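Each of the next two complexes has chain A plus one other chain: chain B in the first, chain C in the second.
Then we have the complex of A and B:
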């Protein structure tokens, strides 16, 4: 494997060690960012290190006090890690409010994890009209003050511009990486792709971006590769590792994704005009096909159909995280549209704390036998 | 010239099945051993079949393994999922089937086929035991009968008990509660069948049911359950002669097809 790619994969697999290393190297305090779309540029401009907080594999023992077993496994894991001190190195966590579980975590966090400050962050759900845009600008300002108080540093216009440019570069390189991954599915199999992208949540974005640029350069010099099956994957995220192993074992590559943890983070361009905050707000206003934002005419199905066509994929794989209500509400709508377009769909219900993969193995292998 | 023989092995969670067919696809023999993956079941079922046919495994031209234990069994040439194998087995045994309901020890599956026997869609139960043979096993133990006697018991029911819990553990408590309230055993048995049938109907509705419908797996041997499910779905359900060995039969046909293709 490409050495720098191997390095990213290792960092993606070891969140805590990677975050501690990044804190040490950058001298920045770390701020945890719950899913999704936390305005990391502001955190970075305040001299802090934004860190992804996406749960992980753990035994749930403490979190049951606040979150029942029918809450999503990502949030249960986040609460568990918080309560057992895994996040003690964070100066704060930013918690969004897209669903009932996130809202429950937001209000319970100060009691469950009193030593890690919580900063609520709430985007407008209905983005029609000028008020949503103006509201977004206001919450960016308010969020900036919160970050400044944590870091003790002012967010100057220059720092903000630098952070914005860095994140734009990261978005462009991440998109380029996913395109190159589609043409190099042996080197960048489903697991490598996931961990290489996931590393961005735990590293200093500047370091990560430099390394991703090296990876892309190396991939560009390599001949194209082929595996038997190509799929577009949609959902929150594709974990745990054993789940990704099943795709590798069945010669299935992810040629494009609509995952909240991956491409949804970097696929929407901003508009060229305006201040940094206006550009960031436009990106939120322009997000389409996303479960977590209200869209009168849901465009996710049409978007997935386009992704399948553009990437010449054989099918769409739905990674539906158990008990994720927003994702579950979307599924019947886009399923109908994909079926009408004659695109095969594999629906897989998953959670982070899965141990047995046998049923999923059978489902995935059968799907390849049908394809 | 020595006859070409093809073997299919289906290693399930609670039983192992093996089938041998000849070059023309004719069934030569089949065996079932009520021990599944992780036990001596796979070896035993093959030993018995070899003895039945007076052959050895060296006489087998090609073999395919399927079922829950297919990934860990090393004695076959290829492994294929039980969904594809059940589809193939039923397609070779019954004509015009478009929906297969397979209920084994640990899994329940609904498989939709096209007119050529190709799988076009499928659904499986979630990881809990509700709606599977294991649920029936647990309930048979609670009512104090053998799993094989559950069918005859349920047929005597006049007023089926209502078992509302879908979770096996909660349903067990519910059945114990019914029995302690002097509900007749036969009514509890029928209630258990209706409970499993309700779960399976839910899965059928997700995948869609097209006639003709066949049922396979060990639970298909329970004719009262088959009738209960037929009533719940409002369709006739066919059961092949040996519903437990459909996966192994399909695997044997896959072995034959692969040998033909070289």
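Then we have the complex of A and C:
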């Protein structure tokens, strides 16, 4: 394996150690970012270290005090980690509100985890008119003030430009990496792909970007590889680890993804004109096929069909995180469109805390037989 | 001589007329809008659209026990059984287009305001895609402050103005600002009567059984902007006032022994059985979070005020605000206990209940119980569990009375 790739995978697998190391190396205070689309550029420009807060494997005990069992496993895990002190090294968490669960977690947080400040960040859902664009610029300004008060440093125009450029570079390299992963599915199997991308949530973006560039360079010099099956994967995220092992064991590669934790973060280009905040706002206005934003005549089904064609994939794998309302509401709509296009679908219901993979193993094996 | 109908008889008549009028409007070529229950209906009424409310329709289907066929259809279409049952029923109705309970015409326009929940955005987005018709969305972002921030007011106001332009394009005519003001006036008056009427339940004994409020929820949704709605709630208020004057409590054959707060939408398929368990034990539900959900008050003609009112519901605000509101209700309505419906359809409300219940106990000494259920999916509710929980609450309330704590 490429040494630097191995390093990224290890970091992706060890969030806490990686964050602590990044804090130490960069001298920055860390701010946790709940899923998804937190404007990390602003956090970074304020001299802080934005890190991902995406739950993880843990026993749910304390979170039961706030959330019923029919709550998304990522949010229950985030609440559990917050309550048991795992996030104590964070100077704040930024909580978004794309669904009713996130909204509720946001307002519970000050009661459940009083020692970690919460900063709400809520994008507009109605992105059709000027009012949403103007509102987005206003909330960026407000968010900037919040971050400045945490770091004690001003977000200057220069720092903001620098942070924006760094994130643009990270987006471009991440996209390049996923393209290279499709042509190198042995080296970059489903698991390696996931953890290499996930490492970006816990490292200083500058360090991560440098390392990812090295990985891409190494991949470019390697001959193309083949595995038996190619799929496009869609959903919130593809975890836990045992779940990814099943794809590796069955010779299935992820040739493209529509995962909230992965490509949705970096696939939408911004417009060339305007200030940094205007460019950042345009990216949000231009996001398409994303269940977490309202979209007239939702395009996710058509987008998935195009992704399958472009990547010559055999099928679409749906990673449906149980109790994720937005994803669950999209599924019947794109399912119908994929079926009409004759594209096979493998629907898998997953949770972060799942112990047994046996049922999923059988379903994935059976699916490869059909393919 | 024409017999004067009671407000309850009148509301049933009005609801029957409401569904019929929507069908008639469709046949006459008038545009039909499907709207969320706290959508700023003022702009639609002013434009002369016929409006129907899918949540109300789904609740009617649930109450008349016709939900299972729709829930089954939604599941076979790929909807998760963990999704909101109103959404599942309505999305399946959009395919089947017939229920023995009540029928609504195919929409020309879908209208969604996210002030009740974010789930409606996904649900209504799917409706618009299914019917291939335009959708108007009024998005009301949430925050953690008690009050709505000025930039949120500007965003909501901006969307209202954009929606008016969109409506003009759809209807092919100019927006009638005079009629708009008229609808605003009626809406404010109806909301005021609704609040005044539900406030009368503060009287001890309460002049009404609070479950009646659930019956009046359909008209406050459907008729807030029309004259017959205004008159209905004024009449209800006057009837309740009269009952107080006459010294009448909620029941003629039973004394109001305990007063409780109810959190969450009722279980429509079990409305009667859940009510009977309470009545049997002399428990009257006197308040919930609903009365204030429709008390949308603002100055007539003030678009900023309207934006602020529609964007300041319980779900847009902090937990502290929610806690204070429930504690205030508990105190003003003099409740002995609280019943929390852990409603599988309503994650936004559910995931705040535990802390609210704790604070209610801590700040006001009000005991509470939880029961599992669903607003319209009959499979999520067990009458035995409900009875046991009510029994437990009864014991806690009785013990408080004995100790002189309440």
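The rule is short, and it goes like this: the second predicted complex is superposed on the first by the 371 of 371 C-alpha atoms of A that agree within 3 Å, B and C clash if a C-alpha of one lies under 4 Å from a C-alpha of the other, contacts with A are read in each partner's own complex, and residues count from 1 in each chain.
Assume a contact is a pair of C-beta atoms (placed from the backbone, for glycine too) under 8 Å apart; a residue touches a chain by one contact, two chains touch by 3 or more.
It should be emphasised that the depicted structure is a prediction, and the values quoted were computed from it without experimental measurement.
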item	value
Partner chain in contact with A:361 - chain B first, chain C second, else both or neither	first
First, second, both or neither for A:138, with chain B first and chain C second	second
Chain B versus chain C as contact partner of A:97, first or second or both or neither	second
Greater residue coverage of chain A in the superposed arrangement, chain B or chain C	C
First (chain B), second (chain C), both or neither touched by A:110	second
Touched partner set for A:316, first chain B, second chain C, both or neither	neither
Contacts on chain A seen with chain B and repeated with chain C across the two complexes	none
Chain B-facing residues of chain A, complex	349, 356, 358-359, 361-363, 365-366, 369-370
Chain A-facing residues of chain C, complex	77-80, 82-84, 87, 91, 114, 117-119, 121-123, 125-126, 128-129, 134-135, 137-139, 141-144, 151-152, 154-155, 157-159, 161-162, 315, 318-319, 322, 342, 344, 346-348, 350-352, 354-355
Complex interface listing, chain A residues touching chain C	65-68, 70-71, 97-101, 103-108, 110-111, 118, 120, 122-126, 128-132, 134-135, 138-139, 142, 291, 294-298, 320, 322-323, 325-326, 328-333, 335-336
Chain A partner contacts - residues on chain B that touch it in the complex	68, 71, 80-84, 107, 118-120, 122, 124, 126-127
